[in-house]
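Structures follow.
Look at the two complexes coming up: chain A is in both, with chain B in one and chain C in the other.
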Partner chain A sequence: MSDLATAIVFWPAVGLMLAAAVFVFITSSMARAGLLLLASLAIEGLVFLALGSRFLGFLQLLMMSGEMVIMVFFMVMFMPDPGGLMGMDMTHDKRRSATVAVAVTAALGLVAVLTDWPARVVGRGAPDVRAIGFEVMGRSMISFLFAGMTILLAMVGGVLLAKHGGRFGLPAAGDEQSGEHSPPEERS
Partner chain B sequence: MSYFTPLAVVGLALAAAPGVWLLEQLVAGQRPAPGRALRDLRIMLGSPLQRPESCDSALFHLAPSLLVLASVVALATVPWAPGFRGIDLQAGALLFVAALAYVTPAMVMAGWGAGRPLAVLGGFRWVALMLAYAMPLAMVITSVAAPAGSLRPTDIVRVQHAVPMAVAQPLALALWLPAVTAVCFLPPFDLPQAGGELFGGVFAEYRGLDLALVALAQRVLLLAVSGMTAALFLAGWEWPLLPPAVWMGLKTAAVAWLLLWAGRRFPRVAVDRALSLAWRVANPLSMLAIVYAGLLTLLFYR
Partner chain C sequence: MISLPVVLAVAALLFGVGVYGVLGQTNTIMIIMGVELMLGAAMLNVVGFLRYSHPHATSGDFFVLVLMTLMALEGAVGFALVVSVFRSRRTSEADDLTELSG
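For the complex of A and B:
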């Protein structure tokens, strides 16, 4: 693609991607939040394609569809208000998290702007590509495997912790119900 | 890529509807009645859209379009003949799987958007089923790509010049066929809609154009997976005597016939049984298939 065509695809796609990402935090419906996140990440895949990275773009599209749908599944299963109809506020500790978010965004932005990116395009079959392949499949493999196992453990642990209390948390002292507890308004 | 290619793919997608319909009638042993089918289609398109009683009717109405988009992109990656091949990319087989992966969010959107318990259940069933079958599907693609050393479907067809992949890797084909039947939500894996069990499930609320789009998407999906099966396992156009496109058409029709016939022959698989089969049998076997493909590649294809 020419530079102009890339720019025509790139900027609107990036705008849409960011808009979808912002809406993830505005909506209180778990299903909408998950699907908007999927939309955002799928558009990111299209941005990769626009920048000429086909394999990465397809991989992003492929992985994100499955992963985000699984996330929707788990959020609907475990959240007390999956449809966002009870007006429950999912955020907490707002000032501190906003500070951290702004600081991290600024730091990453600075890194992106100040880094001296190489201007040279690496062609197919270049020694760099080979070297990355050997690095990923060789020495770095053990860290990837370790990271994968850690993520799996974290997922299983998270599910166990959430399952213990059921969807609406552990029963309070006076509650009669046991097991899967009923939502607050049905209790009295 | 010329401007002709997208037009040809869209034309093929539109031709899928009557083509697969005809095949369905033949498999069912009924005499095709195009007049009645056209009248049914006109009634379907003439009826108004259903507005679901949920807050997410946007998701509900977006889902059929996403299904059609995913199926047409999948169809575009199929190599029909040496000259005609839609999107012929280095990573075409990966794009095929990526396109099929978008059937899953479409199902969840349809189920959730309908706002009915059985529809939501159908959508979530589909997630569980596709989660279980995603790995075998990806592994089988990798297994058939390994001998060609390329994810380009055209290269995978060429490497089968001597031996079709169905003969070289029967295990991969055995894992592939149920997985793609499930992707097309065809019986015996029609779990998200499940006629007598979920009463239409995810698609129960669809009327009019929405329903027509779902029906079209399912047939385009069937054409796409049959074409891809013919290309990846039955050597595509690589057989003598007949012109390449004719071979490809015959093989695609044969695979589609087989899938439709299996749907009529076997009862619907219970969802727990389908999941147990996928996790306990298909997933371990797909690991075996990829090791076998590696050995095969090292011994015979280098």
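For the complex of A and C:
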């Protein structure tokens, strides 16, 4: 992609992505917020394309389309006013939140602009992230598999423990013992 | 060619919007949306660094795939917790969740 074509795709995409992201938290409708988030993250796929990452750009479009549509369903299910017709205010501490957000953005932006990034590009023959891939898929594979299983167990356990009624479910009607502390066979 | 600091500055702006969403919203699902934007900014950073340090290599895309998976997991676990809290409290407002028990 030529420099001109890159600029033609990149700058409008960046503008739309940031505008959609800001409007996510401005609109009073949860459904609109979900669709704006979908737009923002899908347009980020266009930014990836402009930067030359065709695979990641298309993957981002596909992934975010599916994920955000599911998110919109959750919003419509859980919000008392998903259409935003009652003008609900879903914010708190707006001033302090904005102050912290501006401070974080300024700090990160200053680091990005003021850091003396190396100008040269790493050559084709130089060791690159491919070496990390070989490490992950080679002798360290067991470690990564174990870490992945641990994370999965933690997620399943966290959701189970957060369930209403705990691990063993709610006690049966007329049962004096709490369902939280006794397995089903002890409660009968 | 778009320079690396420009990409990083754009990612910083997107991250800042996400921070505002996480801190300023009261609904749990909106907070999750803020976290999604912050992870999107992290992805943009990784893509920027990959394009400018190893423009010919595609193996680094693996890291962005990990981040995309993390976004999906964060959404899945977050929604599961919202469902769980909504069953017991009948609300998904973060301001109403002031106790760990009950």
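Going forward, the second predicted complex is superposed on the first by the 118 of 188 C-alpha atoms of A that agree within 3 Å, B and C clash if a C-alpha of one lies under 4 Å from a C-alpha of the other, contacts with A are read in each partner's own complex, and residues count from 1 in each chain.
Criterion: contacts are C-beta pairs under 8 Å (C-beta built on N, C-alpha and C of every residue); 3 or more make two chains touch, one makes a residue touch a chain.
Quick caveat: nothing in here was measured; it's all calculated off a predicted structure.
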Worksheet item: Does chain B (first) or chain C (second) touch A:108, or do both, or does neither?
Response: second
Discussion item. A:35 in the overlay: touching chain B, chain C, both, or neither? Say first, second, both or neither.
Written reply: first
Practice prompt. Could you figure out whether chain B or chain C reaches more residues of chain A?
Written response: C
Item to complete: Pick one for A:59: touches chain B only (first), chain C only (second), both, or neither.
Response: both
Worksheet entry | Which of chain B and chain C A:70 touches, first, second, both or neither | both
Item to complete: Could you look at A:93 and tell me whether it touches chain B, chain C, both or neither (first, second, both, neither)?
Response: second
Worksheet item: If you stack the two complexes on chain A, which partner ends up touching A:78: first (chain B), second (chain C), both, or neither?
Response: second
Practice prompt. Go through the superposed model and pick first if A:48 touches only chain B, second if only chain C, both, or neither.
Written response: second
Discussion item. Contacts for A:18 in the overlay, against chain B (first) and chain C (second): which applies, first, second, both or neither?
Written reply: second
Discussion item. Using the superposition on chain A as set up above, list the residues of chain A that contact both chain B and chain C.
Written reply: 55, 59, 70
Fill in: Contact footprint of chain B on chain A as seen in their complex
29, 31-32, 35, 38, 54-55, 58-59, 61-62, 65-66, 68-70, 72-73, 76, 83, 85
Response to the item:
Contacts from chain B onto chain A in the complex sit at residues 55-56, 59, 89-91, 94-95, 97-98, 101-102, 104-105, 108-109, 112, 124, 127, 130-131, 134
Response to the item:
Within their complex, chain A touches chain C through residues 3, 6-7, 10, 14, 17-18, 21-22, 24-25, 30, 33-34, 37, 40-41, 44, 47-48, 50-53, 55-56, 59-60, 63, 67, 70-71, 74-75, 78-79, 90-94, 96-98, 100-102, 104-105, 108-109, 111-113, 115, 117, 121-122, 124, 128-130, 133, 155, 158-159, 162-164
Response to the item:
Given the complex, residues on chain C that touch chain A span 1-2, 4-5, 7-21, 23-27, 29-30, 32-34, 36-37, 40, 43-44, 47-48, 50-65, 68, 71-73, 75, 77, 79-82, 84-88, 92, 95
